[in-house]
């Protein structure tokens, strides 16, 4: 459940808000639930709130794991 | 020939039921209202064809007539406004019979207090659209309703056109193995309009695709007079329109997810709102179904036209007795692309 | 779209599926419950069943906040919308859910109640600001993901000095629901439902972290893999579960480490703890009364609590008798086992909430998968 | 040929003006809006004819198209409802060109929450009216607007028809000495509708005259193919319609007060409300202007038809350069019968 | 219609007109002022000018309550319609009357103010009953005829215990206006306006009776004939005036004896006396400040007085400079003497109130009689 | 000014009201301003109120006077 999407922070706004971008679509969201967000960060947005930041290193690791497992599948 | 009956598990509740927004949403509730009330009451061969236009014979040949009401909010949106839309939309419904549009009528229902400046902007835009299309607004009507009994302005246009000899295009003509094409990217209009709804609060550079498609159609039928079906995927988007045709023609369909042209901003907005772009409205795109041997010719004719540059073959009809529209997903699985259930509402789940 | 497109790569998906096929033991079956509707939706939407090996069975869980809300709470929301001067607002998901007598908020709106869709809790607060002569009730639903935004809204209403903003709180807790399922007789005693492992929540876990699942893994001896909602995330989680099962392990693993930590979001958790307290018990559709499974507004914020401002009916209303939502939410039945599925009950005329929410098992199967049920011509 | 310019002392205020109810009332404010905004913007020969229908040529002959929006409140009234009215009204606008109606389109704009039972009643009545007239509803459209953004249901119909060879009827064809006829008593529809407005609080047995006049027209043109003008005196009643024609044809007119057929109840209601029956709407009556030598033939043809039993010659055109419509009063004096200024409002003075 | 049709007999009318022609002295002119717009309307509507002898001139008087209401009071009504929670209701006649900047109630309504037309004061009371959360203001205008119904409404609102019903009182008195005209320099000193006799009010007189006119006949030595509003009534009154003038008499005669007595309607008069008191002075359009010429609500009914409940602007707003309504209402000018008549000022775009009311001299002449002004082709 | 019409009382209603008829049109009006009204009487109606009763004898007299004067005009 809980539709939420990683979106890139493109601008910090007043009132603990930020503008995020998703595929060329921008939207103002609330940063009330997160800390230390900077422009360029990806945050996971749910009902107009950032729930957390995306950890780029962990994302890389997961993708690497996919590739490795897929390689096994492909070679099967 | 009559509209094939869709299966509505429960008949309309004509005793205590009420009209709700789903009855106008382009989905199955609307189809049911149209079938069980309107088509049943008016009970004539022309309406029962189930097309977006009625075709009939006159001494000089075959003609079509179509109508649509435009109740869009906001009235002005990126890429158009209710005025140009009301010209394009009705020209398109006429053109989807392969017909050459002759002219339009326009009925305005204006809410008391509506700024004359906005009305002038709308009428000017409408006139420009009609002139650009070469289709005159031949007759009109103006009504004013009390404040609070309208929504700025509603426009209902009707259009008529003459079908060239030898052309026989209708929603019931698709056959197994026929090829399904679209003239460009899906969902641009709906997302452009939604981007103006303050409550949704997003921004995008996307423009409505609102356009008159009759010259594109003319180019297509010149290239391939054997085209079976044309229809513009407006309310309910590609999904609703394919289901309508599948049901009307009693065929199944399989389309390919990766073949459907979609702009990244449309995808982005849909992700954000929890919407499926296949259900988002278009106002300047068409679906074409043609015999397999014509597919490449039609595609080439579309791509050669300024309004068909992103045209694509997206799938094929088959003999599925359930008339399902299915989609091969990008993951290699299969899903149904169903009728829209009610309206598409932004969701959180 | 970064962090989305990479997780929807069709070629990788086929390879991942193939590798699952290789690793899965063809001599046994794997029954994996995806707790979350988000996973259910991804599986149906992308047709993942078609590419998974035949002996891997996905069992849909109760992880859809719309689906688990009992009829009585929908009726109560409609009741609230009928009180003097009330504007009731809620997320789009709730509008079509049928209460008793098949009356939904959408139908109540058509009958003249002032019911609005909001996209964010902040819009609900704005509505209250813009309509000082009205009383704005936000019908709040959702799991741990959706609760913190409600808390922010109440804080904001307080800061603005609003006296016309109220929350009808229906926030519920994921771990309690998982425990209830694992404790159910079907799973525990009768073995009717075979559950070899769990795919754990994606976005709920961004808030609560992976730590709460450790107890289940340990106590019930079932592996848990927290996974994102993209198709590759799901496939990867399946593969990780298959591996644990093959190995006889029952650890909590985190496929969604790009967004989920062991401890979750401390700021959000403390906000929620400040504002809400546990209800002794709360009714879940399908699961019945679940102890300590939902939140209510603390006394300090009583002024914003719709259940204190109005004498909201607290009736427990029986589900439609023929509706199997309850059993489906427990993983005991499948949509196709319900007699009403696709005949009386469709998304246009839903009889149960599982047919409404895009993440409901019935809606997902009807909308995306029902072609698999009808191999024989019927027309 | 273009619409003669009426003299509007002040142009539309397109900067800060707003639409008010007078812009839909059938009077000079509406005429101004139509001329200065719609006709000017759409700028084409067909619309500029200034008729209630646009005439154009197709390979098989001359055709006309017309449209009207129906926003009547209450939806159900003695003698009809919005459904039958929306069929009759548009058939009549087609017939007023002497044309044989071919078919209609129907666009519904329905307010959320509208009872399906009422909708069914309206659609059934509409279907019955279409069947009785032999004019099918060939195509349609349904839109649903949010509660509070409509008023139950609005219907916009458009109609098309084929003009028999040799017939040339248009509002600009009246000439001095031509005779003016009406097909029956004036004001019945408007009074029947007003009698249902609770706020006016009066009762009467009067029924709307709502009827499709195409068979009456067919009988009239069969008898006298030289008929110059036909028009149905709807919004703004006899007065507004005669002024429209006088202005379009650049003639004056003199009618006789005692010759205008009026039912006593219509007179009674008008006295009570301070209204002039010449400005009250009709929906089943027509005005005919014909050369003097045809007048008795036309009158006889009208009287022989069930919808023309009370037909009467009411006056004659003249060469008045001011295009005034004047009336010889019962007292032997003369008054102007002017355009309607704004809406007719019940008055106490 | 009994008591109507008999008074509209065309044949009788022609004969009556002929008899006036016989009796009128061809060596002199007769200038007769019809005080009431009702008579003005009948004269224009039936084209009576065409059948009266050329030496009988009808002079239109100020007897139209819509016409004499000054711009400031219209502005005040629009101001009231803009106050919080207000529904302003009034008779249909008032809706199109332009205030300053050509804003009318109809335009204010189009801009979003809640303005309703009522047919009777009782409908205004019903509106207040039906909308307890709103404040309903009845914009009351009219002469002695229309005042008693306002009094009944206030009594009824009181009996119903309504606290949300208010009257914006603009009731004015006929005799004061007649006196003002007869005292005007044009009539009294300069002789610019010749007035040989008066046709007295029809329906006003049903309430006040014929007695109040006796003073004028005596004091100003002019004959007065009270007459009904039907065309034969008017012709008969003209004939009676011609006779008195020929005879050198100046009596009050009553042509409308079927409805008017010497004393009028005692019940209505006492009701009005109970509820209203004289204003020291009141502005009339065209006549300026006229002493003791209007009514206001007495202290005992203060709760219903919009001018006490709100601080209603009491500004005197100048008429459009070019508008001659004032002079026309005094009988000094005719519509055709106004430069704006028919060019800038028409019923669709009225510049003054005389062009709005069906009984206004400008509207009557434009609507019914202007063809007489334009003998020469202009097109 | 003051549009008002003679209408026949066809029924006495509650609350000091009556139903009047004018050429086949009926309407409820108030009798608050008049006394002793009976069915069959004609009353002069203004803004929904009876202002006074019509005196049939006086009406006759006026009509007789018209006829007499008209006769003079006709004979002229």
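Chains here go by letter, A, B, C, D, E and F, matching the order in which they are written, and residues are numbered from 1 within each.
Everything that follows uses one rule, which is that a residue touches a chain if its C-beta (ideal position, glycine included) is under 8 Å from a C-beta of that chain, and two chains touch if they have at least 3 such contacts.
None of the values given here were measured: they were computed from a predicted structure.
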Most widely separated chain from chain F, with each centre as the mean of CA atoms: A
Which of C-D and A-B has more C-beta pairs touching across its chains: A-B
Chain of greatest Cα-centre distance to chain D: A
Whole-Å gap between the CA centroids of chain D and chain F: 35
Between chain B and chain E, centroid-to-centroid distance (C-alpha), Å: 59
Approximate Å spacing (C-alpha centroids) for the pair chain E, chain F: 21
Where chain F touches two or more other chains, by residue: 1-3, 5, 22-23, 46-48
Multi-chain contact residues (two or more partners), chain C: 1, 4, 14, 17, 37-38, 64-65, 91, 109-111, 119-120, 123, 142, 146, 359
Where chain B touches two or more other chains at once, by residue number: 18-22, 112-113, 201, 264, 267-268, 271, 274, 347-349
Pairs of chains, among all present, that meet the touch criterion: A-B, A-C, B-C, B-D, B-E, C-D, D-E, D-F, E-F
Contact footprint of chain B on chain A as seen in their complex: 1-3, 5, 7, 21-28, 45-48
Of all residues in chain C, those that touch chain D in their complex: 109-112
Touching residues on chain C, where the partner in the complex is chain B: 1, 4, 8, 10, 13-14, 17, 37-38, 44-51, 64-66, 91-93, 95-96, 106-107, 109-111, 117-120, 123, 142, 146, 231, 342-349, 357-359, 366-371, 374, 377-379
In the complex, chain D residues that touch chain E: 8-10, 18-22, 27-29, 32, 199-201, 250, 258, 264, 267-268, 271, 273-274, 320-324, 326, 329-336, 338, 341-342, 345-349
Chain D residues touching chain F - in the complex, by the definition given at the top: 195, 201-206, 264-265, 267-269, 271-272, 274, 347-349
